[in-house]
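Common to both upcoming complexes is subunit A, partnered first by subunit B, then by subunit C.
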Partner chain A sequence: MAALYRFLKYAAILAWSAFVIAPFLWALTTSFKTSSGVVSGATYIPWLQYKPSLEGWGVLFRRAGKGIDIVDPYLSSLTVTVSASAISLVLGTLAAYGLSRFSFRMGPVKNADITFFFISQRIMPPIVLAIPFFLMLQALGLLDTRLGLILVYVALLLPIAVWVMVDFFNNIPVELDETAMLDGCGPIETFWRVILPNCKPGLVVAGLFCIIFGWNDFFFAFILTFTKTQLLPVAVVALNSSVTPWWSLSASALISVAPLVVLAFIVEKYLSQGNLAGAIK
Partner chain B sequence: MFVSRQKFLFLLPGLLGLLAIILFPLLFTIRVSFSSWDVVVPGLDWIGGENYARVFADRRFWEAMGRLALMATGTVLIQYVLGFALALLVWRDVRCKRFFRVLFLVPMMTTPVIMSVIWRTIFHESLGPLNDFLGLLGFDPVPWLSIGGMAVASVMIVEVWQWTPFMFLLLLAGLLSLPEEPFQAAAVDGAGPVRTFFMVTFPLMAPISIGALIIRLIEASKIMETVYVLTSGGPGTATETASYYIYIRGLRDFQIGYAASMSVTYLVMMIVVLTIIAKLLTRVFILKDGA
Partner chain C sequence: MSLIVENLGKTVEGEVHLADIDLAFEKGGFYVLLGPTLSGKTSLLRLLAGLDRPSAGRILLDGRDTIGTPVWKRRVSMVYQQFINYPNLTIYDNIAFPLRRMGLSPSDVDAKVRGAAEMLGISELLERKPGGISGGQQQRTALARALVKGSDLLLLDEPLINLDYKLREQLRDEFKNIFSDNLDSIVVYSTTEPIEALMLGGEVVVLNEGRQLQTGPTHAVFRRPATEAVARVFNDPPMNMIDGTVADDHLLLGGGLRLPKLAHLAGLAPGAYRFGIRASDLGLARGGANDVAFDITVELAEISGSETFIHARHADVSWVIQEEGVHTYPLGELIPAYLDPRNLYAFASDGRLAAAPAAGV
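Take a look at the complex of A and B:
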């Protein structure tokens, strides 16, 4: 009975792992095909079933016109995601600390309402903000620029940073602050010298979430940029035309998603420690 | 709670920043929804509730809302069951559990539109691996993306692949934060794994379950990018969700005023429905607790 239970458990784990990995394996094998390898039907094993070629990968690194330039979108995506995440993390952490340690009152509005206001921004469907964002960036001369996208992404990511960090600070004992204050530290010094050094797990999780939702956003990049600035998701989806070159499409997809997958394995120990448990309630 | 004038230095940069970026777009959308702004006559005139009357009578909009409700609740429930099962599988003593925990998270790290592009090749009727695989099992090729019902199923499969990891992450975090004592007590009473799950684990996980379901419902109610890449809303309007229909009216047809009033309707409905669902879930889970 116990043996059967164990067998079923591992079978289920492996089955789901296969489902998770399958699209990546398919993309990997497709990325080495040429058109003859694609149109002959689904094949999987190079050399045996089709003749592998590096065409799909090579075409990504040629200058625009002679191929698909993936380097520029890569750098744009990197700049926008890292900047927006960093700004959100700084503003979000400060706001979260304020909300966790001080009481604010503006008429009937209290701390809980302010926290809810931050988090509730996630309910907003992107489409609702699309047209006004377009007009706003147009008025500021920021359409089709990285700076414009950074601005928009801060609004998207700040709520995530606040959500994770408020809960994190609530779980740090107030005694820690009090000790520092008894030693004569002001609030800012307390935060900087005592609290922040203890925040690494929270900051990693909040930062990772910001990066995930920043790097992976497509919609705003799609409607707010055209030719000068192009982010990765937009560049890859642009390849998804009626006559799709599956090989370069697969290759570009794999390099686009690789950094975050690697990042997930790097920060693994912070992710599965139950850091988020409180934030959900 | 501490008292200090410096407290505003913490809160205000973030709060004012968010207000500055969000407030104008939101107020603007509300204002535009009362205008006839379109591609022919752009401008902020005032036509009262005319757009809203049109939204009310627009069958395509309400069908898209219904479809969204179906797809969002459907995928989120599937994600909940699968995510809970996966979290239980790698919760305790399992070989390589740290590796599997991260592996299960991988899909949510990837860009939805980019993976949808890959999924589109997988679903391809004659050249894709899925039908090839089904063929080996003796099934006829399935037209995954070109028949209404199948296209909805395809979008849902991709959504489940993409976002079950998020549910898994939240529920695993919950499981890891549970106290040990109730489980020891159950073991002393001689309860088997099934009984322990229904009498101990599931009730203890109730608040986390509610939170996770609501977080995912909020995100799922915006489904549009997968639809855009996989089916463009088709065949016909078979996979068109509310966001996607508003996108077509607003950014393809440039009926800005009308799209704005649909946006406002959509947003208000979202807030109302999600609040009701949150209340209902709390009630259901707490009633179960009492029983």
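Take a look at the complex of A and C:
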């Protein structure tokens, strides 16, 4: 019975993995093919079935004019995503700690209402925000700039960070803060020395959400930029398959998911360290 | 050093958590706050620590009002009923934390940490983290951290309640020794368990529903509860409370139980009273010459640790009898129970103590 259960379990995992990995495998083999390799049917084993070539990858890194430039959008995407995520994480964590530990009151508005206000920013469809954001950036002269995109992404990522961190702080007993204060820490030291070091799993989750959302966003990157600044998702979509060969398209798709895959592997180690969260009960 | 609490009260959103508390704590004293859940023990400890602000009254430390002094500038330690330690730090760093905050030199810190760990039997665990040790060890760590600071005020909020029975008894014994050596600070220990209060001794403050019922030396309060309410809080299982009347030459308890007017009961004026007797003062075997027998029907025998509580009925009146050891009893059958009238408490109709057994009976 146990053996059957194990067999079924691994069969299911295997099937799912194949389902997830297959497109990547297809893209990976295609990116190393030339035109003759691509049109000669489904082949997967290099050297045996087709002659591998670096042509598809090389095109991506040539300066504009001689190929497709993906380096600039790549750097723009990295800058915008990392900056916006970092700012959101710092502001969001501070805001969340305040919302979790102190009572705010403005007329009928209390902590829970402020928390909901943050989250409510993500309830409306993004299209609703597009025109206001466009007009604001236009007024500030920040359309088509990295800084403008960073500001917009902070507005979009902050609710995620606040949401994750409020929940995390609420699960840390207030007695831990109090013990720190009884042991001689003022409020800021309590946060910095005691609470923050015990928040790593929460910070990792919040940071991961921010980065995934920021890195993958196409909509705002598309609307708020024109020619000077281009983010990776927009650049990849702009590669027209009638102009750009499939092997280059495959390569660009692979390098645009690569950072997230690497990040997932790094973070997975952190998240499985359940002892960090589990010690606080 | 003295700590005076005057007319202290705490009301949260219209709900009274504490009212009219007047207490005086002396340096080197050991004080037990005894009361059932929600009696205001934690509220009082939090006010003493400075974690909450009172709604009424004052707390004076050496004559100076402490309200307004932030927690981190007070010399107060607190051990919670949850096991609160810094999860990211080793046991060593946990205990060292307050000392380093105080700016002690590394060698002083080391000496104090090792001393406290030694005293609490956690020297072997100093390199571990709180997540990797047992609940009892976590609570020892929390206590070590609280003791090592040498605070003026050491507060313990039901520190043993989340531990299992065996460990609780063991730690209770150790606590007694640790606190008996303490001369420099005021120790306030809250508990729901009368037995814990009796074992730890000191002074007791009996709390119920946010009110202070009685204050005094623990054993004296146990022997002479001022009111029926104190007797109820200070006995587990609860004291048997039976309505009865006093006549010129005898007592008549509910259910038609006729008893001689012995010893301390002799002076009671005729009238209606409520009589109290501890479950441990009742028995299923004749104990002495003064025992009066009465028939009971056993309804339930409840085993708790090394004792058996027999819930029984005698002519419509419920009794709880405590017997040492684990026994089984025939349910539903009539068996004799014994009561020594010299162990009876008598409470007047307003709840005040009218007569208490002499000590040593």
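Just so we're on the same page, the second predicted complex is superposed on the first by the 251 of 281 C-alpha atoms of A that agree within 3 Å, B and C clash if a C-alpha of one lies under 4 Å from a C-alpha of the other, contacts with A are read in each partner's own complex, and residues count from 1 in each chain.
Rule of thumb we're sticking to: a contact is a pair of C-beta atoms (placed from the backbone, for glycine too) under 8 Å apart; a residue touches a chain by one contact, two chains touch by 3 or more.
As the structure is a prediction and not an experimental result, all values here were calculated from the model.
Undergrad: Kindly classify A:Met106 by the partners it touches after superposition: subunit B alone (first), subunit C alone (second), both, or neither?
TA: After superposing on A, A:Met106 lies clear of both subunit B and subunit C.
Undergrad: Output check: A:Asn198 vs subunit B and subunit C. Expected answer is one of first, second, both, neither. What do you get?
TA: A:Asn198: touches subunit C, not subunit B.
Undergrad: Under the stated touch criterion, which partner chain does A:Ile123 make contact with: subunit B (first), subunit C (second), both, or neither?
TA: Only subunit B; A:Ile123 stays clear of subunit C.
Undergrad: Is A:Met181 touching the first partner subunit B, the second partner subunit C, both, or neither of them?
TA: Both partners, subunit B and subunit C.
Undergrad: Contact-wise, after the overlay, does A:Pro173 reach subunit B, subunit C, both or neither (first, second, both, neither)?
TA: Only subunit C is touched by A:Pro173; subunit B is not.
Undergrad: Would you check which partner chain A:Ala3 touches, where first means subunit B only, second means subunit C only, and both and neither mean what they say?
TA: In the superposed model, A:Ala3 contacts neither subunit B nor subunit C.
Undergrad: With both structures fitted on chain A, tell me whether subunit B or subunit C touches more of subunit A's residues.
TA: Counted on subunit A, the partner with more touching residues turns out to be B.
Undergrad: I'd like to know which partner A:Leu48 touches here: subunit B for first, subunit C for second, both or neither.
TA: In the superposed model, A:Leu48 contacts neither subunit B nor subunit C.
Undergrad: Going by the contact definition given at the top, which residues of subunit A touch subunit B in one complex and subunit C in the other?
TA: Common to the two interfaces on subunit A: residues 181, 186, 275-276, 278-281.
Undergrad: List the residues on subunit C that touch subunit A in their complex, please.
TA: Listed in rising order, the residues of subunit C that touch subunit A are 49, 51, 70-72, 74, 76-78, 80, 82-84, 86-88, 97-98, 101-102, 129-132, 145, 149.
Undergrad: Would you pull the subunit A residues touching subunit C in the complex into a rising list?
TA: 173, 175-176, 178-186, 194, 197-198, 275-276, 278-281
Undergrad: In the complex of these two chains, what residues of subunit A are touching subunit B?
TA: Result: residues 5, 9-10, 12-13, 16-17, 19-23, 26-27, 30, 38-39, 41-42, 44, 91-92, 94-95, 97-99, 101-104, 114, 118, 121-133, 135-136, 151-152, 154-155, 158-159, 162, 177, 181, 186-188, 191, 212, 215-216, 218-219, 223, 232-233, 236-237, 239-240, 244, 246, 249-250, 253, 256-257, 260-261, 263-265, 268-269, 271-281 of subunit A touch subunit B.
Undergrad: Quick check on the complex: what are the subunit B residues that touch subunit A?
TA: Checking each residue of subunit B against subunit A gives 1-4, 6-11, 13-15, 17-18, 21-22, 24-26, 28-29, 32, 82, 85-86, 89-90, 94-95, 98, 100-115, 117-122, 126-129, 131-133, 161, 169-170, 172-177, 193, 207-208, 211-212, 215, 218-219, 221-222, 224-225, 229, 242-243, 246-247, 250-251, 256, 259-260, 263-264, 266-267, 270-271, 274.
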